[in-house]
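Read through the structures below before going on.
Look at the two complexes coming up: subunit A is in both, with subunit B in one and subunit C in the other.
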Partner chain A sequence: MTAPAPALRRFGDNLRAAPRRLRDSLFRSGRPVSDRTRASFVFGNVFLHLHPARVHRWSLRPTFTLGLGVMTLSTFLVALVTGILLMVYYKPSTALAYDSIKDLHFVVPTGRFIRNIHRWAANLMVVGVLLHMARAFYTGAYRAPRELNWVVGMLLLAITLGLSFTGYLLPWDQLAYWAVTIGANIAQSPREVTDALGITAWLDAGGLQKELLLGSDTVGEEALIRFYLLHVMVLPLALCTLLAVHFWRVRKDGGLVRPADAEARLGPAPQGTWPVFTEAPQKTYSLAALVKGKTAAVGRGPEGTVPAMPHLLLAESAALMLSVLLCVLLSVLADAPLKELANPAVPENPAKAPWYFLGLQELVAHSAFMGGIGIPTVVLVGLGLIPFLDRESEGTGLWFGGPGGGRLVALSAVYGLLAVVGIEAFAIHYGWIREWWPKAPQLLITLVNPGTVLTAAYAAWSVWLVRRHDSTRAGALGLFTCFAVGFLVLTVIGVHFRGPNWDFYWWPSQWPGH
Partner chain B sequence: MSKAAPAEAVERSRLDPEPIPRRDFLGLAATWSALATLAFAALGMLRLPKAAVLPSPSKKFRVSLPESLAPGEPFLAPGRPVVLVRDGLGVYAVSRVCTHLGCIVQPSPAGFDCPCHGSRFAPDGAVLKGPAPKPLQWLAVSSLGAGSYVVDEGAAVPPGTRVKA
Partner chain C sequence: MRFYKHLLLWSSLGTLLVLGWAAVAENFLAEWRRVQRAARSRLPPAEAEGFGVELRQVVLPELAVADRCVSCHLGMAPGERGLPGDKALAPHPPVVHDPAAFGCTTCHGGQGRATTAADAHGQVEHWPEPMLPRRYFYAACGTCHTHLAVPSAALLARGRDAFERHDCLSCHRLDGRGGTLRPGGQGGLEGPDLSRAGARGWRADWHAHHLRERDEAPAGPWRSAFAGVPEEERAALDVYLASRVGAPGLTEAKALFHSLGCRGCHAVGGVGGADGPDLTRVGQRDPGQRAWGGVRGERTLASWFQEHFRAPARVTPGSLMPELGLSEPQIDQLTLYLLSLRRSSLSNSFHPRDRVRAEKLGEREFATDGATLYGTFCAACHGQGGEGMRYPGMAPFPAIGNPDFLAIASDDFIAETVRSGRPGRRMPAWGEAEGGLRPAEIATLVRYLRSLGPAYQPDPRPARWARGDAARGERLYASACAGCHGARGQGGEGPMLANPVLLRSASDRYLAETIRAGRRGTAMLGFERPTPARRALAPSEIEDVVTFLRSFEPKDREKRP
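Up next, the complex of A and B:
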């Protein structure tokens, strides 16, 4: 018996050690049991290192963020995965699209389930992004130094709506065809103004927008390909890029917003949380000092923070699991709709856009330009300007923080509700200028219609609040609340109370048969 | 030489404004030409999605009116969003594409109703109610004889234009 050659022995030892070494190279810092290893668990991993090593307890309170940002992200991830699965069968051509969706729905194993999940995830993402924006607004999270992240957030909102809208066309059924026909003609609606001024022949911005969107003058093959391209490539890539910016900015702006006296408000950490720093006599905060702004833990030490691993990761996983559960539950309960094959000769009656656009459709039913472009532009510009106009600091990091607080928000909600219900009820009951005076110039109706009157009423309320409380924040709180309530009420009217010919009905059961 | 330079600069700036230094000029020129190149390239790329020829089907179509069509009664051209009417003065065609947001209006006892946002139109296309900003378009018709007509959906004509039956 000769002893094995040393090289061969080393080979054998290495082979045996390979699994352990693979594990060590994956989880480099060992088990996350100490402060140090928990920190390096987070920043030693490419996917986790978007997180800080430690987070403030204020940011972890479920009643503060409501988990909405993470839930929006989760629904996006769900839609991404299910969307890739749907692409296995979907064929983006007018001749085949409808049949391929039908196959997915009725033939492909788990096809209907996956399609349902995709549809529900997309809807939940829209709900999530709206609520997340409201959260950021009401906690004053847009204020300096977070202005840029608020603007990035608005782009994310636009892309989210764009994703939903482009996806809506792909089944090529009646619902899809007419919703997109209406959408494309809204893009064309600046013509309502250029026509009234008689300058369309020279300056046809509306026509150009529609042509770029559809690649034709009607919704057809070209439009389907363009929407498909936007839906599966352009918009998801843009969203992912901006999400990276969004999350990076959250870190650079010193984590989530919190009031200056957050620690006092929180009181001592409850039992069972991982301990805050015990002692770190050598620690210098030179890195933290590079982070601009008041909220960075400069010179204050990281009291009130807990390790991101496990606290933040557990909270995020909970939000992810909850979103997945919601998507799956809803998909079991309700199927994604699929109407008859698109028919360019006969519109659906009523032809309704996706629910999140029905508030707009209600406005569009008064004036295409104002409802579809004028008022949304005013709202978006207003939202984008908020962080640059409100330079106050009272109430930052608190729900409804600011002069007036919750009471002001409640009052504004009541005012917003009365105004929108009043104006809609008036228009539904008495009609509008065209019915009283058929020869009325179009420019008058474009300028004065229920949508613009409502916007003016909300703006007046907000101006009054600014003067009364001597604070921009008070006006912003009032205006945002009014628009949120207005959006909600108009959406409910569009979804529930509008029937054939966009007439008003108390119940869908009263719709005349057709 | 190095001592004299600053003095000379001061001297010159008092007499006439300091000329743009060569280095700055080159730097600015480089920056702006890079930006102009990018803008030009972006415009060029945006040119691609704007089609030169719209791929929609031909706007002209042929239609025959039945002998039995009563005067003033609307005839829906099959497969086209157009209505034709024959009356005492001749034949005319009206587009059924709503001038609001492009839904197809449906005939009703009073004229036409739009299913999308409730615009109502008179039989001659005038707006009676709702958000439509303009009357329905009248379209160019030409007669081929023997009750046959060619309608051009792409050619609007002033309301009231008829062709001899």
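Up next, the complex of A and C:
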């Protein structure tokens, strides 16, 4: 027996070594057992490299972030995966769309379940992004140096709503058709002002907006294909791009917001925390760790921080799985709605927009322009300006941090609740200008309606807070709380208390014709 | 760290559990899978082997049909032999239309794409077309068929009676009855089955043929069972046979609809009055869009119709439709007919001949003899025999079969009244442009009306001869006529006299004679004799009143309609 040729021996050795080499190429810096190898594990992985090497214990407390950001991202990922699965069977055409959803529901294996998950993930994503925004606001996370990320977050909110709204039309049932018709009419609402000024013939901004959205003057084939394109391509791509910016900025802005005295507030790491620090501080900082800001870890030692691997990854995985569990659990419990085939000749009464627009629809019922364009614009501009107006530092990184604190927020919530319930109850019970004075000019109603009165009441409260506490943050806290409560109450009114012809009913069972 | 570890562990386990459950529910617990597994166990072992638990469906793209009904009704799946008598495996009863070529939902309604019983049968929220109830099943034919020239119920009954009386059922089978007396062969049926004679046609010389066969037969059934049929009964039999198109019950229901004068207010397929809703597709309405406030019982279209027939205004507040006092069997028949008004928009290649002839060639769905036309359009208001009608809350409808009326109303007057109606009153215009009646049909109607009473007595005078004193006529009118006919002839308890069509088409003799002799059996008493409440009118005074009535006519000829 002759010895094998050297080339064949080398081949055999390489074959035996292949699994080890595969592992080495996956974990290039060796197994993550020390601080250093953990850090390079994170840096060396394309999916993880946006993470910091070490993360502050403040950011890891469940009660601080409530995991809302990661959960919102998780629901997006769930919706992304289930959405791709749905695209296998969905046909974006008015003649086929409804039947393809019925087929998904009845014969595609687990199709109904996947559609339910998609629907619930989308709704949870809207809830998540709103709550995440509230968290960022109440902990002062928008303050310098995180102004830009706050604005990026607002864009992400807008894209999330757009994704959800465009997806609403795709089943092509009555619910979809009339909700989108309402949505398109909200887009058309500037016409109320141009009509009142008598310039619609020259400048029809509302009509243009609606036509851009629908590709026609009614919801039809053109609108469906537009919404489909936006839903499956344009908006997800935009969302992913902005998400990357959002996460990257979190790193560049020095991690999550925390108070200057976070270490003192936390105290020493509890006994048994593993690993806090497993190597002498001989590490060389990679470029990504050189971050701007007062809280940069450079030169301050790793006190109060723990390695991102495994602490942060574990927390994120937990939030991810919690979101997935929520999605699948809700999907088993409640089916996504599917009403009759869309029929332009039979309007739904009441026709309701998706739930997150029902607060707006309630305002639109009073004045199309103010509810659809005016007040939302004021709110969005106000939200966008907050980081540039509030240049204070008191309470940064603390829930309800700032002059007045939790007490001010609670008071504002009560005030906001009383104001919105009072004004709505008044309008529902006594009517508004048009009922008392049928010939009132439209411009007057556009300017003075329950929506604008409510906005003015909230603004007055906020101004009073600014003066009383001598602080912009106090006013902002009050105003944000008021609008959050107002949004909630108006949404509940729109969802539950409005029946046919947008009349008020205590229960849907009291609707006429049932 | 500990918190996140636990959270991760338990949410992952929970997710796995839910996904596992979903997989089990999807693959083992689906309703149709259970049905198929149970059915397989009942099959003979040889057949059970090749019987797969799999989704079965009838797919017909040209009808937009994907019917998965056969996933549970396994014996009805195309190519399946089935197991007669079995709950799931029973084959479809033999019918004219092969389910494999027409699908299930085309006739039965329901939701073909669904795979659970409740969804498929369509008795769920948000499905506009639930299955037709079994007892109204023949309403399904209306999806495509229009059933031409259906006579009135009385004509149909006459034919049916003749059929029974002459013992045709002893040899012929009809709608599942008869044909059992002469076991000529194994089936026990000697004469042809006549259930679809109206669709297939029958020999025109059937009577002569029967006589010949009888005369040539030495003995046996031909000799003993056939005795000849008188001429007019033969005509009735022909009418009856023409209505046998394989949809018993539906033809009778449609005949009833065309006997009660429903089309006087309701249009079907563009022919009929406009006072009530168009009924062309009423059987397709979404039960979810109905108002259920006044309806007792289950929320199906059928029970809505039934309740509506019993008390229209209770079901539809503000409805003008009177309570017709229908019997329960009549309500049942009319419900069947309304459910049959479906007319789905299928592609042209699926339109049966009768529908093409009705929709493209303008043939009538109702017979166009005088009695049927009268029953179809007039009977609801003017009564089955022209005796007039009085519904609560409405002005009385004139008795057009009244002999006093027929004696003085010329054919032209009646025809013009049918054609142009009484503008401003309940009588609509029935001319081809408005109500959809053709001139020949109006002439048939006039002839039929004529047959109800005495002959018309011609009047040698010109149409307008009254030359009385209009001022005196006005005073007389105010005291004697205005109480019932209104101060300005606008009508009230009595008809509207200031009606342009009436004044245009009625001769002076018609007006004067009506005033003089009155109408027997109505509130209009003749003025030639006094009553305790008023004096009589002299002929000259009647002439004055007629002259005054003419002043109601639009002065400007241009303004006349």
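Note that the second predicted complex is superposed on the first by the 495 of 514 C-alpha atoms of A that agree within 3 Å, B and C clash if a C-alpha of one lies under 4 Å from a C-alpha of the other, contacts with A are read in each partner's own complex, and residues count from 1 in each chain.
Keep in mind that, in the parts below, a residue touches a chain if its C-beta (ideal position, glycine included) is under 8 Å from a C-beta of that chain, and two chains touch if they have at least 3 such contacts.
On a predicted model such as this, the values are computed, not experimentally measured, just so you know.
Contact with subunit B, but none with subunit C, is seen for A:438 once the two complexes are overlaid on the shared chain. In the superposed model, A:338 lies in contact with subunit C only, and not with subunit B.
In the superposition on chain A, contact is made by A:361 with subunit B only, not with subunit C.
Using the contact criterion defined above for the overlaid structures, shared-chain residue A:315 touches subunit C, although it does not reach subunit B.
By the touch criterion defined above, A:346 reaches both subunit B and subunit C.
When the two structures are aligned on the shared chain, A:393 is found in touch with neither subunit B nor subunit C. By the touch criterion defined above, A:99 reaches subunit C but does not reach subunit B. Of the two partner chains placed by superposition, only subunit C is touched by A:328; subunit B is not. The partner of subunit A that touches more of its residues, comparing subunit B with subunit C, is B.
Comparing the two interfaces of subunit A, the one with subunit B and the one with subunit C have residues 346 in common. Looking at the complex, you find that subunit C touches subunit A at residues 1, 3-5, 7-8, 11-12, 14-15, 18-19, 21-23, 26-27, 55, 64, 66, 68, 111, 113-116, 119, 126-128, 286, 288-289, 291-293. Interface of subunit B with subunit A (complex): residues 49-51, 54-56, 79-81, 100-104, 106, 113-118, 126-131, 133-134.
Residues 62, 99, 102-103, 106-107, 109-110, 113, 173-174, 273-274, 311, 314-315, 317-319, 321-322, 324-325, 328-329, 332, 338-341, 346, 512-514 of subunit A are the ones touching subunit C in the complex. Within the complex, the subunit A residues that touch subunit B are 178, 181-182, 184-186, 189, 192, 195-196, 208, 211-212, 215-218, 220-222, 226, 344-351, 361, 364-368, 431, 434-435, 438, 442, 445-446, 500-503.
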